[in-house]
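Take this structure first; my questions come after.
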Amino acid sequence: MSKTIKKIGVLTSGGDSPGMNAAIRSVVRTCAFHGVECLGIYRGYQGMIEGDFKEMGPRSVNNIVNKGGTILKSARSKEFMTKEGRIKAHQNLVNAGVDALVVIGGDGSFTGAEVFNEEFDFPVMGIPGTIDNDIFGTSHTLGYDTALNTVVDCIDKIRDTASSHNRLFFVEVMGRDAGHIALNAGIGAGAEEILIPEEDLGLDRLLESLQKSKASGKSSSIVVVAEGDKMGKNVFELKDYIEQHLPEYDIRVSVLGHMQRGGSPSCFDRVLASRLGVKAVESLLEGKSNYMVGILQDVVTLTPLEQAIKGHYPIDLELLRVSDIMST
Amino acid sequence: MSKTIKKIGVLTSGGDSPGMNAAIRSVVRTCAFHGVECLGIYRGYQGMIEGDFKEMGPRSVNNIVNKGGTILKSARSKEFMTKEGRIKAHQNLVNAGVDALVVIGGDGSFTGAEVFNEEFDFPVMGIPGTIDNDIFGTSHTLGYDTALNTVVDCIDKIRDTASSHNRLFFVEVMGRDAGHIALNAGIGAGAEEILIPEEDLGLDRLLESLQKSKASGKSSSIVVVAEGDKMGKNVFELKDYIEQHLPEYDIRVSVLGHMQRGGSPSCFDRVLASRLGVKAVESLLEGKSNYMVGILQDVVTLTPLEQAIKGHYPIDLELLRVSDIMST
Amino acid sequence: MSKTIKKIGVLTSGGDSPGMNAAIRSVVRTCAFHGVECLGIYRGYQGMIEGDFKEMGPRSVNNIVNKGGTILKSARSKEFMTKEGRIKAHQNLVNAGVDALVVIGGDGSFTGAEVFNEEFDFPVMGIPGTIDNDIFGTSHTLGYDTALNTVVDCIDKIRDTASSHNRLFFVEVMGRDAGHIALNAGIGAGAEEILIPEEDLGLDRLLESLQKSKASGKSSSIVVVAEGDKMGKNVFELKDYIEQHLPEYDIRVSVLGHMQRGGSPSCFDRVLASRLGVKAVESLLEGKSNYMVGILQDVVTLTPLEQAIKGHYPIDLELLRVSDIMST
Amino acid sequence: MSKTIKKIGVLTSGGDSPGMNAAIRSVVRTCAFHGVECLGIYRGYQGMIEGDFKEMGPRSVNNIVNKGGTILKSARSKEFMTKEGRIKAHQNLVNAGVDALVVIGGDGSFTGAEVFNEEFDFPVMGIPGTIDNDIFGTSHTLGYDTALNTVVDCIDKIRDTASSHNRLFFVEVMGRDAGHIALNAGIGAGAEEILIPEEDLGLDRLLESLQKSKASGKSSSIVVVAEGDKMGKNVFELKDYIEQHLPEYDIRVSVLGHMQRGGSPSCFDRVLASRLGVKAVESLLEGKSNYMVGILQDVVTLTPLEQAIKGHYPIDLELLRVSDIMST
């Protein structure tokens, strides 16, 4: 039987994403709402090892719902990968009176949480925070929707100059293992082609598509490339290859980079963060543990951490067809 | 048996919303993709009556995916409410060789489409375009997600000045019959209270809540009010009432108004518009008629127009609880 | 001879504006750069009276350069208008070891600073922070450039829906005594007419202009109205008047309100705030007092507070002509 | 004596920048206002050679004041560098009845205009359109203010993730020959160091500055680098160098690229474009030629094209000091 939970710790871990602060706020205020104490843990698992803690009440999360980044900071911790490090971390939580843990992060962070739970029978709950949207058990991770808007906004700007000069642009977006950002932002930005890890378009079809696009009267084109695209060429090599084969094109490359991780979260991400924070805390209070809270088919749900870590939320294949039709 | 469709007309009707242009683009390009002609109809049903048409090919919708408003313009048509007007409109479509119609708009527009279908056995398909999100058969209407971001962005600005001056703001947002915008944007913007048509909070509880909020140490507060709120007072009367009962508050009112209807669509709305446009055209080509295409549980679906008109997409009651907890 | 200054107090007063935080940061860091202490005074003159102070070092202003509002909060203080209140305030500064004061605000705030200087021979320096741009001695006040971008962004959204529906919009913007925002944002947003306090266009000419605009083939129109416009009618009365005389118009009103005061400052406002903060502190350290720092012809300059209070930065009359030509 | 001008041609040339459309609109409407015809020339000098023209009236520039890019498109023309090309271009203008030319672009474009004027005694007027702000005779080129806001907005996002991870970021911005963007956006974004072509900071001082910054308690840092920085290292080499010497830093690089050239122009750029367009046309009508219109000390002025081409608008050295103080 699970003992009564009187104090919950919360941390952010791994790559940060917009909406993490809104999730922290939600965890803190849900704790307060239920009369449970809340402890903020700085710099993820590393701060847990170092005892870098701060008591948090509902007023300590004022005015952060709209802020990018994470006020608890994030870090990767090698020490937490050792048994010794985790023992230290556990002892610190026990000393601070913490009974349960909410981990906001990606699958690496969840793996840490799962091991921690197993070793110390410590209640944990995960909230998916990453812009890549590559986590099984949730149709949307925190920050993903915001990142899509950031990317689309950037490509809109690039298109202004592309169409003024009749140019072809290769735009690299984040997504090492998953093409969610590339595929959705590519459709949203009206890209002519979208290259994602999940599908090897092939260089020949890319060439063909670009030629068809020019023939159809398009004077400028955008190709969106996920960083993890499987063509075996990075975006600059891709440019060189196309330039060699389609010398009539004036090509430029743009690598959007880390700005995709920042910015004020979209309304969707703020609401999602609020909902997931409530569910995470209340699930812990109900005695549940070792789950990730997520959203599936518009409903907040629990997925065992183990499944969330192993699986990946799949690309909607319908979107590949939509993309093809849109670039008619 | 439905005859083969060779030409599809498309129009926008009723209040405009961000994403309508992306939907027009999708309809036009899906037609082109399937070798079907497409006719743009200006100013909704009124333009149909006046024969205000323009042939549209894939290049006529270049560079509009990111534009607010509607290039086909919108209008309300009294004449179309008469049998005579509709006969004229039908004759114009027949003369122009149009076999089927895609109507982008809200429930008023769909009612027109349904009547038109019934009277002339003319294939019609609806795409929900309105920021209010009040249409049955789709969890998201075109423009709703964009409007949420616009509202949240405005309230973020208002909060800057509210918290600098320790003020209370009443912010009125759109939503005559539905509190979707108020409820979601209210949570997203961290509002202390949210007043919506679906729930009569009562003036006493509002007073109580504001007093509690002040007592808890909050120095500024935002109350989001849907224009259709059922308190029987408009937002200015509400202000007067609160000022009378809580004289310690320095209160201001902000009515966001029509800017909520404009702006470049969010990535979500652009992708949704692209998907719905494909589905609308392909459903017509498959011989279907009298449906609205929408999205439910992340899947594009068809709902009979009749149901879409009669019903309303319900408020997620869980969000009222989330809002309460968040304002702890 | 002025005694050596070892500690400078800084406050924000009156209506807040974007860039105030950047100015606070600049004052604090310039103090640190020169080895002078800095004391933050909360809630303007009221906080000075109540001794609501906080020591500020360079790290206490981290990550605020891009934040709207003011971390020092602002307030209007009736008590400071009394001799008694000012004596209390002065005593508090003396007790805290403060030798000089930087006041960030508008002309009301400067009047307070001037009186304070006169009564206690206390060195003061003003930094103009208000979105209205109505202060003599500076071509730009802090927040003005940001407010222009906010207004133009809102009207862009309104235009989306205006042109979709062939409507006429009256948009009221801030500016009780000065038409700077209306005139510049009106030109920037492509308004057909701009009504400002400095020029009484007259209702007849407005009617005439709108008729000409319609005749010239414009299907939608925006009229920007400064809240202090001298037509003797508020924006809703104006709407009624025009509707009566030009019944063919479908008119809507939008009052932009307080959101104009918030938001992340533009690059211009952040750079200006940084420059003015440096100049304010260094001028005090040079023994100067009773000036406002401002920018004139791209150069940072000092203007005696007395002149800054009495005068107004004039409207550029050339812009009225430009506006006329642009609405051809 | 200059003959009466009845028709003015307008083109955009070189790299595009936000505000070019607003300038085209201003030229077209000022022509209409004065009863002069206006001819749009597509793709700069190349379109002049190819006779790629379009008559433009006041309604053909509706709804473009807020659009990035240039509706007239831009191109670089090798053919125009030959006498033969220019003769063809001149003949086309004469055939089209064009008496004078407005060229919107950078110094390369102005050089073309000057040669053209000299060879054919053809009245020309330049409007400075480039984000780099490197043209003598104007304190602001069209697009510069917008680019600053774009850069600052991107760095704000990068800072979110930088400060969440205690990282150091090198952000490369445009400016091959001029550090205006880097210096102003660097101050605006709160950069710790700014590397510009006009000043060789030296690697040692950079190292020292970063060490001092860390020692002072800053947990994250942004270094803004103009692409034309004179350190002899590109931004990636710079990263490697610093990493070697300050291994405690976790460094990332972000190259903002072409998005800096696009986007909806700021209010400042729209108003400036409107003013410069009026002045350019009216100056031609007054018989002037071979000037660039610009803005100096807030006043619209004329500078001989020859001087505009040869000189450069200088960096404000005061800003280097401000930057130093701000990074205290």
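For clarity, chains are labelled A, B, C and D in written order, and residue numbers in each chain start from 1.
We adopt the following convention: a contact is a pair of C-beta atoms (placed from the backbone, for glycine too) under 8 Å apart; a residue touches a chain by one contact, two chains touch by 3 or more.
Owing to the predicted nature of the structure, the values given are computational and were not obtained by experimental measurement.
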| item | value |
| --- | --- |
| Chains contacting each of chain A and chain D, listed by label | none |
| Whole-Å separation of chain centres (CA-atom averages), chain C against chain D | 28 |
| Intercentroid distance (Cα basis), chain D paired with chain B, Å | 39 |
| Rounded Å distance between chain B and chain C, as computed from the means of their C-alpha atoms | 35 |
| Interface hub residues of chain C, defined as touching at least two other chains | 156, 159, 163 |
| Touching pairs - complete list by chain label | A-B, A-D, B-C, C-D |
| Residues of chain A touching chain D in the complex | 12, 15-16, 18, 20, 67-70, 73-75, 150, 154, 156-166, 169, 219, 252-255, 257-263 |
| Complex contacts: residues of chain D adjacent to chain C | 25-26, 29-30, 32-33, 58-59, 62-63, 65-66, 139, 145, 148-149, 151-153, 156, 159, 163, 184-185, 187-190, 216-218, 264, 266-268, 270-271, 274-275, 278, 297-298, 300, 316, 318-319, 321-322, 324-326, 328 |
